[in-house]
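Shown below is the structure under consideration.
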Amino acid sequence: MGPLLVLAMLSYTIRRLLVAIPTILLLIVACFFLMHVAPGGPFTSERPLPEAVLANIEARYGLDQPLWKQLWDYLTNIVVHFDFGPSFKFKDRDVNDIIAHGFPISLTYGFLAFLAASIVGIALGVAAAIRHNTWIDYFAVCLGVAAQALPNFIMGPILILTFTLWLGLLPGGGWNGGQWQYLVMPVIALSTSYMGSIARITRSSMLEILHSNFIRTARAKGLPEYLIIWRHALKPTLLPVISYLGPVFVYVLTGSVFVDIYFSTGGLGQSYVSSALSRDYAVLLGVTILYGALTVIVNLLTDLAYAWFDPKIRY
Amino acid sequence: MRDARDRFLRNKAAIACMAVLFLIVVFVLVGPQFSQWSNEEIDWDALGDIQTMGAPSLESGHYFGTDELGRDLFARTIQATGTSLLVGLIGSAMALILGTAWGVIAGYVGGRTDNIMMRLVDILLAIPTTLVIILILIIAGRSFVALFVALGAVSWLTMARIVRAQTLALKNREFIEAARAGGVSETMIVFRHILPNLFGVVIVYASLLIPEMILSESFISFLGLGISEPYTSLGALIAQGAGTMAYGTLWQLLFPLFFYVAIILTMFFIGDGLRDALDPKDR
Amino acid sequence: MSVLNVQNLCVHFDTSDGVIESVKDISFKIEKGQCLGIVGESGSGKSQSFLAAMGLLAKNGSASGAVQLDGQEILNSPISSLNKLRGKDVGMIFQDPLTALTPHLKIGQQMTEVLHVHTSHSRSDARRHCLDWLQRVRIPDAEKRLNQYPHELSGGMRQRVMIAMAMLCSPKLLIADEPTTALDVTVQAEVLDLISELQEEQGTAVALITHDMGVVARMCDYVQVMRLGKFVEEGPVDSVFENPSHEYTQQLLQAMPRIDATHPIKVQSTPNLLLDAKDIKVHFPFKVGGHLFSRSVPLRAVDGVSFTLNEGETLGIVGESGCGKSTLARALIRLIEPTSGDVSWLGKNLTQLDKNAMTQARRDLQIVFQDPFASLDPRMTISDSIAEPLRTFRPELTSRERRELVQDMMNRVGLDASMTNRYPHELSGGQNQRVGIARAMINKPKLIICDEAVSALDVSIQAQILELLKKLQAEFGMSLLFISHDLSVVKEISDRVMVLYLGRIVELGSSTDVCTNPAHPYTQALISAVPIPDPKLERSRERIRLTDELSSPLDPKAFLRFLPSKIDSNEIDYVPKLSEVAPGHFVAEHDNVV
């Protein structure tokens, strides 16, 4: 990359950041208000507390302040200290603790599942397109279709049924510090359906590229097939795939909500759903904002990767 | 249009799927006539010994067996299938109406309006969809209406984006310019030229949204946040079946799973067939 | 021995509608150093026969017969042995140079890989060799181009890169498939000159596939006329052009408008002023810089154009891509709002009218577009499309009256009544263009703007549409603004011609004056670049060449390209004036040296 290119990429990055940051801030504000219109606070759900006690608790969490003040405090705490405040339910843990405990777990197998889905999916899609109308192609197409009907919460029971109950090969749940036996099934359960769609997208994109004029030119130059695929066809093929990978990463992370519960990994999803059921808005809000911000950042990275791949939009 | 129908009719997979889907709908409508139990009734005889008494059998009238609480799975599956189909239809219909309107206005008016409208969509899209649905269900309570609102609230966003992109492309086509040169007013252009040309894309996307809606609803139900008892949906049934499969009551998983997979696959093939038929370039 | 010897070549395609025979039993030879022209209209199978010979057919295609390259049989040989020939013994260039180059690879990479595959050049040798060839095809700043991506080059430069790439290994045969169709006429002239130079210098045999009889006349020694997959006529160029024996060849030659033809001038009885455009400007904001703080500069698409149009007159507007001719047309009827200027139409100032008044005025101002498919709503039947202006302007009509009017108009433009309920995709390009004309004519407007209305059509269809326009004009007496990049077509139909360059008029006058006595150097270059379908004349003509390609309208100096003295004296903003060199013949100020 020449210096000019670096400069162009840099300015592109900065401009995208200038859009991303207000988006995240707006997101925080929107979620904040959404939570506050929700009926019933965390302390009203159980047996009614005496007036004084309630006021006391509300004061402790700053809920007696005017709404804009609460929002301002909340916002500055996040931006300045990266602090999401205390949990409403657990007296000794704040939201940061809960995230710090659960998120690395969700992220670990989420990321592994993402890698598995992209690598296998792309490889399968490319193979299917190159060997168009052969058994590899049919296999990829079938997998792509089947994957649509096998989201993680269907894959989970199927996997447990096979590997734990019938074959007795893998433990049915838990985390155990991330030992591989405990990772296999969550990763497969999370990745299968995205693997299928990535293979589908790659295949149709590759087929289209292989029919394009510049591939004809490459053939007319006498290049061997592997060079045509590797040097000329692969990059443009991956463009639509890349723009799909960003959302997939986010889906995989949120999809972990199910996997966390089903395989009892102790990941963030478990805390999320339990906080949802117990109306622990602080946790709910914190996790939603975390995922939202992550989405914005992943989208940003996707766009940058896209720009790096395609010389035409680097402006 | 005539071509599109011919192309669709030539697509054997799509036609077969239409037939299967039709059978499922018939099953949902006619099935209750043959059911010997209602979906709420508890078969006290079976409750004690689900593994043997609750197994699928013609004699006991539990064609699909019973669930953990001794309720008839046949009746519950019918009710759940109906719910899932309804969720898919209504969710995608809401997406269709809201998304199309939003996208057409943003795309056709353009400029600042477009910017603001699409920025809003971007922000909403940044909140992961499952979280949005969970949030809405928590806030508004677990009811049919809240469920539809939640599904509609997330599904229209992508639709709006697709419609906007299509509108932008259409807006610069020469036939729009020709209409303008022919004195057709802007509103008329939208109704007479833009909307009919969006039809193909919108229908295709809406049909692909149906299985997605069913998926989302199942996911939510699986987590225990969906429609509340005694109503049920396929996702909830699958969740219950998956929870008890270790005790040898596999039918509790397999019957709902079969209907679920059948619906998703048929809807998917039908959507695909529609895309090939209506939008042959986009293969 | 012939370089290429094709015997009984047939090409079939397996499609869902059954087997399609696209090339039917053709045979031909190309000798060393010879240029063979294969001429035919779209769908005649001319490209497919060469793709078949080189094994480049689509997967559902199959070929039979025999093809020998230098005596060696190559048809249907395995890809690995074909790969040794492609790019080495046979170079190929294709029609659209933008899509024919890989978008994400630099020019240098795309060129050197040919040498890596076919020769044992070292890295630096290969690069030097490529640079050498880029210079030979006269690309300015060749060194810099090696590190650029295709989208950073202009269309003409891309085609030169394609040629340089095809010539890298000094092939025995160069297959040029419509190499200049997507290019401007002055660029076309240069690319053609380049190909014939290489043919002479290197002794390369050239197979030139084209639809343009003029290009054949300029380039080829021998010609094969192809129609519906068969050769209908063949022979040395001179004799085929002089004495075309097959009916189809005669048709092709007749249909081709010639810039050197003479037309009877229409006699204008009453020069009634219809339209008076004064100093029209259309500027678009254009972002430059592209970095953190981009600024916007005005792109002067149309920059001060004034002209008049009389009742029943045809004014031709000609210019190359980017000269602003289509923008001007749209600005006149306010499909694009002009930045400044006045359009006086029957005494009213169009630019001042409010929305309703403008809509009313549009009844008499109609436009026909370039792409007949794109300009019709694909979801409307053609009769609905034709009837649309009636629904707007004459809502009082009953549907029966409307149907009758539509039927009558369809009849007049040569559309069969049975087509009433057809959709655009069911009709051919020519028929769709008739629909477009019928729609424009249905309210009997006073002016019709034809924006490249025949450019997308085959020559024979083009001739029919031109005839139709003339016939309708004689019948209804409307005026025409006829816009085209093709000077010979414009001349064929226009009373007066206006030549645009970068949004400004360079010459305006009667069509005979402008075409036979061009006064401005740009017009001269344009005319001399237009190929004439007459081999003898074409070879003896003197060419006036412009030194470089059409420059960017963002470069202020570009406007003064024909007035370098003002650049030298640093008057960058100077606007060349129009002067009347003969009655009604206006020419923009220019220096005599180009």
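A, B and C are the chain letters, set down in written order, and residue numbers restart from 1 in every chain.
Following the convention adopted for this analysis, a residue touches a chain if its C-beta (ideal position, glycine included) is under 8 Å from a C-beta of that chain, and two chains touch if they have at least 3 such contacts.
Treat the numbers as computed from the prediction; the structure is a model and nothing was measured.
More C-beta pairs touch across one of A-C and B-C than the other; that pair is A-C. With chains reduced to the mean position of their C-alpha atoms, the one farthest from subunit B is C.
Each chain gets a centre from the mean of its Cα atoms; for subunit A and subunit B, those two points are 22 Å apart.
For the pair subunit B and subunit C, the distance between C-alpha centroids works out to 49 Å. Against subunit C, in their complex, subunit A makes its touches with residues 7-8, 11, 14-15, 132, 211-214, 216-225, 227, 231-232, 235-236, 309-312, 315.
By the touch rule above, subunit A contacts subunit B in their complex via residues 23-24, 26-27, 30-31, 34, 37-39, 145, 148-149, 151, 153-154, 156-157, 160-161, 165, 204, 250-251, 253-255, 257-258, 261-262, 272-273, 276-277, 279, 284, 287-288, 291-292, 295-296, 299.
Residues of subunit C that touch subunit A in their complex: 54, 56, 58-59, 79-80, 82-88, 90-92, 94, 96, 99-105, 113-114, 117-118, 149, 151, 162, 165, 290-292. Those residues of subunit B whose C-beta lies close enough to touch subunit C in the complex are 1, 3, 173-175, 177-185, 192-193, 196-197, 199. Touching subunit A in their complex are the following residues of subunit B: 119, 122-123, 125-131, 134-135, 138-139, 211, 215, 218-219, 222-225, 235, 238-239, 241-242, 245-246, 253, 257, 260-261, 264-265, 268-269, 283.
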